[in-house]
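Order of writing sets the labels: A, B, C, D, E and F. Residues in every chain begin at 1.
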Amino acid sequence: MLKSNFQGFIGAESDYKDANVVIYGAPFDSTTSFRPGARFGPAAIRNESFGIETYSPYQDKDLTDYNIFDYGDIELPFGDTRRSLDMIKEVSAEIIKDNKIPVLLGGEHLVTLAQVEALKDKYEDFYIIHFDAHCDLRQEYLGTELSHAAVIRRCFDLLGKDRIFQFGIRSGDRPEFEFSALGNTYMNKFNFDTLDDIVAKLKGKKVYFTIDLDVLDTSVFSGTGTPEAGGVTWLDLLDAIKKVCTLDIIGIDMVELAPMLDASGSSTALACKTLRELLLAIS
Amino acid sequence: MLKSNFQGFIGAESDYKDANVVIYGAPFDSTTSFRPGARFGPAAIRNESFGIETYSPYQDKDLTDYNIFDYGDIELPFGDTRRSLDMIKEVSAEIIKDNKIPVLLGGEHLVTLAQVEALKDKYEDFYIIHFDAHCDLRQEYLGTELSHAAVIRRCFDLLGKDRIFQFGIRSGDRPEFEFSALGNTYMNKFNFDTLDDIVAKLKGKKVYFTIDLDVLDTSVFSGTGTPEAGGVTWLDLLDAIKKVCTLDIIGIDMVELAPMLDASGSSTALACKTLRELLLAIS
Amino acid sequence: MLKSNFQGFIGAESDYKDANVVIYGAPFDSTTSFRPGARFGPAAIRNESFGIETYSPYQDKDLTDYNIFDYGDIELPFGDTRRSLDMIKEVSAEIIKDNKIPVLLGGEHLVTLAQVEALKDKYEDFYIIHFDAHCDLRQEYLGTELSHAAVIRRCFDLLGKDRIFQFGIRSGDRPEFEFSALGNTYMNKFNFDTLDDIVAKLKGKKVYFTIDLDVLDTSVFSGTGTPEAGGVTWLDLLDAIKKVCTLDIIGIDMVELAPMLDASGSSTALACKTLRELLLAIS
Amino acid sequence: MLKSNFQGFIGAESDYKDANVVIYGAPFDSTTSFRPGARFGPAAIRNESFGIETYSPYQDKDLTDYNIFDYGDIELPFGDTRRSLDMIKEVSAEIIKDNKIPVLLGGEHLVTLAQVEALKDKYEDFYIIHFDAHCDLRQEYLGTELSHAAVIRRCFDLLGKDRIFQFGIRSGDRPEFEFSALGNTYMNKFNFDTLDDIVAKLKGKKVYFTIDLDVLDTSVFSGTGTPEAGGVTWLDLLDAIKKVCTLDIIGIDMVELAPMLDASGSSTALACKTLRELLLAIS
Amino acid sequence: MLKSNFQGFIGAESDYKDANVVIYGAPFDSTTSFRPGARFGPAAIRNESFGIETYSPYQDKDLTDYNIFDYGDIELPFGDTRRSLDMIKEVSAEIIKDNKIPVLLGGEHLVTLAQVEALKDKYEDFYIIHFDAHCDLRQEYLGTELSHAAVIRRCFDLLGKDRIFQFGIRSGDRPEFEFSALGNTYMNKFNFDTLDDIVAKLKGKKVYFTIDLDVLDTSVFSGTGTPEAGGVTWLDLLDAIKKVCTLDIIGIDMVELAPMLDASGSSTALACKTLRELLLAIS
Amino acid sequence: MLKSNFQGFIGAESDYKDANVVIYGAPFDSTTSFRPGARFGPAAIRNESFGIETYSPYQDKDLTDYNIFDYGDIELPFGDTRRSLDMIKEVSAEIIKDNKIPVLLGGEHLVTLAQVEALKDKYEDFYIIHFDAHCDLRQEYLGTELSHAAVIRRCFDLLGKDRIFQFGIRSGDRPEFEFSALGNTYMNKFNFDTLDDIVAKLKGKKVYFTIDLDVLDTSVFSGTGTPEAGGVTWLDLLDAIKKVCTLDIIGIDMVELAPMLDASGSSTALACKTLRELLLAIS
C-alpha cells in the first residue's frame, strides 16, 4: 500500500517525540517595506534541500546522526500582524515546553519577536546574538511598532539593556546607531571582529541566536528584500556560527531569504547549507 | 535655472486645480495571500507609460486634450491594514470633495474598500461594477475580514443588496458563489455576455467601477499575484470599459498588477494602455 | 504533540485505501532534446496548488467531495531511461491492481510509456486519446527508441493500429505525419474539431488519456520545453477534457510543464487548474 | 579530419551560389527609444531554430526541399546609424544583384530602410506591404529622421504615395494617423480584414514585405521592445503571410524580436516558426 | 490641495538654487556593443534609492544634512550620438557655470565625454581619475570614434598626456595597453594598489572622477553590459572613493549600471549606496 | 559571392590541420540529478565570447597569436548515456591521434569520463588534476554508475590509486570523503593551499586537467546546477590554472556551466574568460 512520500528538510527525519531540535517555518512578510517575498523562504529551503548533502566536511558531522523534526510551515493570516505573531508564538511555546530547541525559518525578521516572546515566558534571563546588515532598532517604522525594522527594539523592550549583541550591522538611520551607542545594545558594525570576546563573555549563559541572512554580502546572497553591499562572506558566517553554537543555545531563527529574487537559486542553496551547518553545530 | 523634470503618467500634465480626473497610487499588498508584488504596480505604470502614446486609435482621442492630474503614490505603513486603508480614504475623500473623479491604482484589491468608503460618505446611493477573475466575497479569509479575498463582501456590507454587478468571475470557493446566487450580488461568470443589459439598467445611476486586471486571460496578463486561465481578451476588456464609461462614473480603480511577476513587461504595458483608455473613456 | 503538515495537491486529502484516484509524479526529463526542466513539473503543481480553489465554477464540483490520494514523486535515476520507466511502471501497476485510477504527472512525455505498459498488463484492449502539439511518432530520435519524440510510436507498438487518436498536433517531421496518414493513428491536426465524433465512437471502450500540455497555445502555456505557437486556448482544452472524461477512463497523465521556463508562474497555475478540472471530470 | 559544424537557420543548407533565397541578420537597435535588445534577434532565431522542424504541416512543405542560404549576421557599428544602414544596404544589394530574394532579420525596424533603398536601386516600381502594431510614420522622432519610429515615412519618401499598405496598426501619435488618412498610405487598423482586397489589387506587381512581429498580440509575442496589447493571433498572421506570399515578392524582412525580454523562449520559438512559414510560402 | 509627490534620489531634496551638488541622468546606451540597457540606470537608481538609508555608518554623515538637487533625466535622441552628447554637455555646462558640482549618472561610459568637454570649457587644467574594468582607450571601435570603448581616448585627445589615471583595468586589446604603457596614461591594472601615491601627487589639483561600476567584481555587480570577473570588492571601492574625494573634485560620473541584467536588484541597490557614499564624500 | 560568417570561440580561427589545440563541446546533462541546463554551456561560451577580448593582461598573451580550432558541438542522444559517452570519446580520440590537445567543454561532469577513456587508450600513464566543489567519488548514484556524481570514481577505476589530485572539494557524502582519506585520491579540501607541492611533484608527468567550474564561489558563478557557497575566487582559480598549466597537459575539460541559471550572463562571461586564460596558459 502506497504512503505519501512528502519530505521535510533533508536529514530531518526524526518524529517529534524523539527530536531534540524542531524546525518550523513562518511564511510571513506583511510588514516588509521594500521588496516582499520572504514568505516563500521556508518552503524553498525545504524543497531545495535535496541539492545539498546531509554530511558536512566543515564539521565532519552528518544530519542523519541526529534527531531533528521538521514541522513544516504555519499557515498565517497575511495582513494581521499581531495575530500572525501569536500563532508563531504558540507553536514555538509548544516546542519550548517539550524541551526541544526551536529553529524558526522566516519569513521576514519580525517573526523573531514571536519566538523571543515565547522564550521569555519560560526563561527569565537570556541574551540575544543578532547577525544582520540592519540595526532593526527603530522605535517605529512607517507608523507601526510591529515592523521588521523595529524587531530588535521590541526584543530590547522585552529583555532590557546589555542583553543584545549585534554583528555585521551596516545600515540604519542615525537614531538607531545612536540608540545602540548609548549602550542599549552592543554593536559590532560591518563584521564579526569582536565575536570571540562576546562568546567568551556569554559562556554559561542562555543565548538566543537570530540570523538575518542579509548580514552576508550581496555577492553570495542577493535573494533578500533589502540587499546591502559590503557584508561578510559565507566562510566568515560559518566560522561565526560555529563559535556562537558553542554557547547554550535555547532557540534559533534564520530569516529574510526571498527566493524569487535570486532566480539562480544560489541564495536558496546557501540558506540550505547554512541551516545544515547550524543544525550540526548545535547537535 | 534647472527644474526637476520628474513626470507622472504620460499625458497627465494638468495641475490639481484644473484637473477633472485625479490619478493616485496605493502601493499596498499586505493581505495578499499567494504572491505579493502588487505594491510595485502604480510606480511601474507611471514609469513605463512612456512606452505608449497619448493618442488612442480605438477612441480617436488624445490624453493631452484633457485635464488629468497625477498625484503619485501614498506612502503606506505595510502590515497595518486598517491604517493603510484610512490613509487611502483620506486622499480619496479630498479628491471627491473637490468634485474630481478619483482614479486609484493598486496595489491589491483591498484598496478598493477605502475608496468605496470615501464615496459612501458623499453619495448615499451608488452601484459598483466589478470586473475580476475572483469573487472576493468571502466573509473572512485566513481569519481576517480585511482581506483582498473579502473586499467585495465588505463593499456589500456598506452598500447592501442589488448594488454590485460582477463580471468575468471564474474562481472562488463554493460559499462565495452561493452567496451571490442567493441574489446578494449580480454575477456574470466567465465573461461580459450580459454587460449591455446591466449598462442599460444602470443608465442615470451613479456607478463606481473597479477593475481587477486578473479578469484578463493569463495569456495577456501574467503579471499578477493569482493568475487564472480562461479569462477575457484585452479587446473584450476594452469594449467593456467603453460601455461602462458611458455611465455616470463617480470613481475608478484598477488593481493587482504585480509587475515583477511578468519580466517581459507586457503586463505593465497593457496596464498603461488600459489606464489610457479608461481615462479617455471618462473624459 | 506536533505533526508535520506537509501537503500534496490541494484537496487531495484522502488516504490511499479510500482513494478512487491516485496522483503521483515522475520527475523525469532525461531524453528531452531541446530544453529540460519538466522534471520540476510535479513538485511545482503540488506547491502552487494552494493558489487555486478546490471548487470549480466550470463543473460546479469541489475536490473536497471526492477521495483523491497524492503519493508524491518517485525518486528516479536520471540518465538511466529504461530503469526510470520501470520504476514508474511499478508504482502505476500497484495503483492499477488496487482498482484506482492512476493520474501521472510528468516529467517529459516519455513517462506515458511506463503507465501504458502497466495498463497493458491488466487490460487487453484499450484506446489512447492523445492531446499534443507534437506527433511523437518517430521510430527513433537521435538514435534512441526510448525518446519523448517517439513515445506515441512506442505506444503504437504495444497497442497496434486504430487504437490511438491524436488531437491538436501541429509539429513533427514529414515521416511522422505520413505514418499517421497511412492509417496507423487517427490524427486531428491543429484543434479538437472532430473530438465529438471520436468520443461517440469510443463510448463504452476503455480509454487512456494523455495530455501533453504543449497542445495549448504558447500564449497561455510558455512554461514548456518546446513551445509551439498556434495551439488551442485553455477554454478549448477544458471543453475537450470534459468530453473525453465522459468515457471510461482507465488512466491519465499530464506532462511537459517545465515551470522554471515561465517565471511568471502562469503556466504552473494553469497546470494546477487543469489538474483540478481533470480530477473533477473523472470523479 | 574534423570540420567545424557551426550551423545557420535549420534547413538553410544551400550554398550561396545555388540559393534562391538568402537569409541575413542585421543586429542593430541603436535608435530603439524604449527597450533595446532587438540586436540579439537574428542570433536567437538561428540558435533556437533547432527546436522546430523543417517540415510544416500548415503548408505540407519542407525546408530541405528548397535552396536557402544563411549568411549569418553583419557586424555593425552601434551608434553610427547611417553607416550601419549603408553596410546592410551593401549586403542586400549583392543578394539582389544575384537575383536572389533577400530575407533580412532585424534588429529594430529601421533596418528595413536599408533594404528598401537597395531594392529601389534595382526596381523603379514596387509596393510595400507592412504588418506592424505601430504606424512608424513620424517625420522625425526625438529629433532624428533615421528612427525606428519613422522608417515607413522614410520608405514613403522613397516610393511616394499609394505604394504602402499597412495592416494591424494600433499605435502612433495623432499626426501619424492623419498622415495616412490623407491618403498617403493605405491603413487597415487593428487587423487584416481587408488584406484579400489588397492582395487582389497587387496581383502582378512587385512587392516588398516587411513584418514587424509586434503586430502580434502580446500574448504570443512579449519578447519585443514595445509590446502592444490587442494584436493579431499567430494563426491570423500565418494566414496573412500565405496570402501575401502569393504575390511577386522581391524582398522580405522580419524585425523586432528582442529575445531576452521573453525569458520563456516562446517569442523566439514563434519567430523561428514564422520564418519557416515565410521561407516555405515564397519557395 | 494635493501636490504631486514624485521624488528624486533619496535625500536629494534641495532646490537647484541652494544646491552645491547636482545629480542628473543621461539615459544613453546607443554605442554599447555587447549588451545594452545602461539607459535604464539613472531611473533605477532614483526609484530604488528608497531601499537604502540617507545615513552612512561608513562616514557617519547623512544626506539630509547637505544641499543636493536631483534634476532627473535628460530626454535623449537614441541613435544620434553627437547630438546626445551635445545635449548632455549643455546641462552639464549650466551646472558648472552656476558653480555646482555636476554628478552625471549614465548610461554608457561615452556620456563622460560630454561632461569632460563641458568642464574643459571652464577649466584649462584638470586631471581625470578613472575606475574601470576596461581601458576604453581605442582610437576607434567598430569604425566610430564616438564609442564607449574609446571614451577615455577621446578625453586624452582633449586633455593630453599625464592627465589620466586609470585603476582596476583588466580588459582591453593589446594596442590599448601599449598606448598606456607608452606613458600616455597612468594605469594601475586590476586594483587600487597605488591609489595613495596618485592621490598624494594630485593634492591641490582639480580632478574629474569617472567611475565605471564594472570596475567592481561581477560577484557584487552583475548588472552591467560587459561583466568582467576578477574585479575589486565594494569595500575596496568605498575606500578608494573616500580617498579620491579628499581631492578638489570638479565633477563626477558613475556609469554602466544596466539594471535589467541583474534581476535580483542587488546591482541597483549597490549603485544607490555607492552614489550615497560619493555624495557624502564630496560634501 | 557571400560566405557564411558563423564563428566559433573568439580567437579560435585556425583550421584543424594547423591547430595545436582543439576546442569541442559536449552538450550533455542527462544524469544531472538536481538542475539540468549544462547542455547549453558550450553554445553559450561560443556565442558570448565576443564580449571578451582575445588579449589577456594577466598573461600578456593574445589568442590570435596561437593556432586554435573550434570544432563546435557534438550532437548527442539525450537519455542514452553510454552512447553519448562513446560519441564524445570518438571525437576526442581523433584529436588525440592527431597530436593536438583536446579541450572539452561540458555539459555535465560525466563527459570527462569519455575523454579520459580516449586518453587512456593512448597514454598508459597519466595523472588527473581535478578542481571541483564536489568529490564525484560515489560508487553509484541513484542506482547508476554512469553519473556526474561518480565520474571521478570511474576515472579512478581506470587509472588506479595515487593518480588523482582533487582541489577545492567542499561537498559529498561521508563515504566519498572516507574513500579519499583511505589514500585512494589526494584531496585538498576547500581551496588550493597545497597546489604548489602537487605541481612540483608532477613535474615531467603527463597530466589531465578537469575543471568543474562550481569549484568557484557562488558569488561569481551562480550559473551551475548545484551551486555551493564557500568556494574560491576567480583570481584564485586563475592563479591555480597558471600553475597547473606549467605541467605537461595532455587534455583539458571545463564543465558545468548552466547558462540559463544565471540570467545576468556573468557566469557565462566568466567561463569565456576562464577558457581564454586556459588556452593561453597551455599555448
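What to note about this one:
By our rule, contacts are C-beta pairs under 8 Å (C-beta built on N, C-alpha and C of every residue); 3 or more make two chains touch, one makes a residue touch a chain.
It should be emphasised that the depicted structure is a prediction, and the values quoted were computed from it without experimental measurement.
Looking at subunit A and subunit E, the chains in contact with each of them are B, F. If you take subunit D and subunit E together, the chains in touch with both are B, F. Repeated interface, listed pairs E-F, D-E or A-C, reference A-E: E-F, with more than half of the contact pairs matching by residue number. Ranking every chain by how far its Cα centroid lies from the centroid of subunit D, the top place goes to A. In the contact between subunit E and subunit F, the residue numbers used by both copies make up under half of all numbers at that interface. Set against the Cα centre of subunit E, the chain with the most distant centre is C. The centroid of the Cα atoms in subunit A and the matching centroid in subunit B are 38 Å apart. Work out the mean CA point of subunit A and of subunit F, and you get 38 Å between them.
Counting partners per residue, subunit A has 217, 219-220, 262-263 as the residues that reach two or more other chains. Taken chain by chain, the contacts fit none of the simple shapes, being neither an open path, a ring, a star, nor a full set of pairwise contacts. A list of each chain pair in contact follows: A-B, A-C, A-E, A-F, B-C, B-D, B-E, C-D, C-F, D-E, D-F, E-F. Across the complex, subunit C is touched by residues 29-33, 36-37, 39, 75-81, 83, 110, 141-144, 146-147 of subunit F. By the touch rule above, subunit F contacts subunit D in their complex via residues 1-8, 16-17, 22, 24, 43, 47, 69-73, 91, 94-95, 98, 263. Here subunit D touches subunit B in the complex through residues 34-35, 169-174, 177, 189-190, 217-220, 222-223, 226-230, 261-263, going by the rule given at the top. Within the complex formed with subunit D, the subunit B residues making contact are 50-55, 57-58, 62, 217, 219-220, 234-235, 238, 262-266, 269-270, 273-274.
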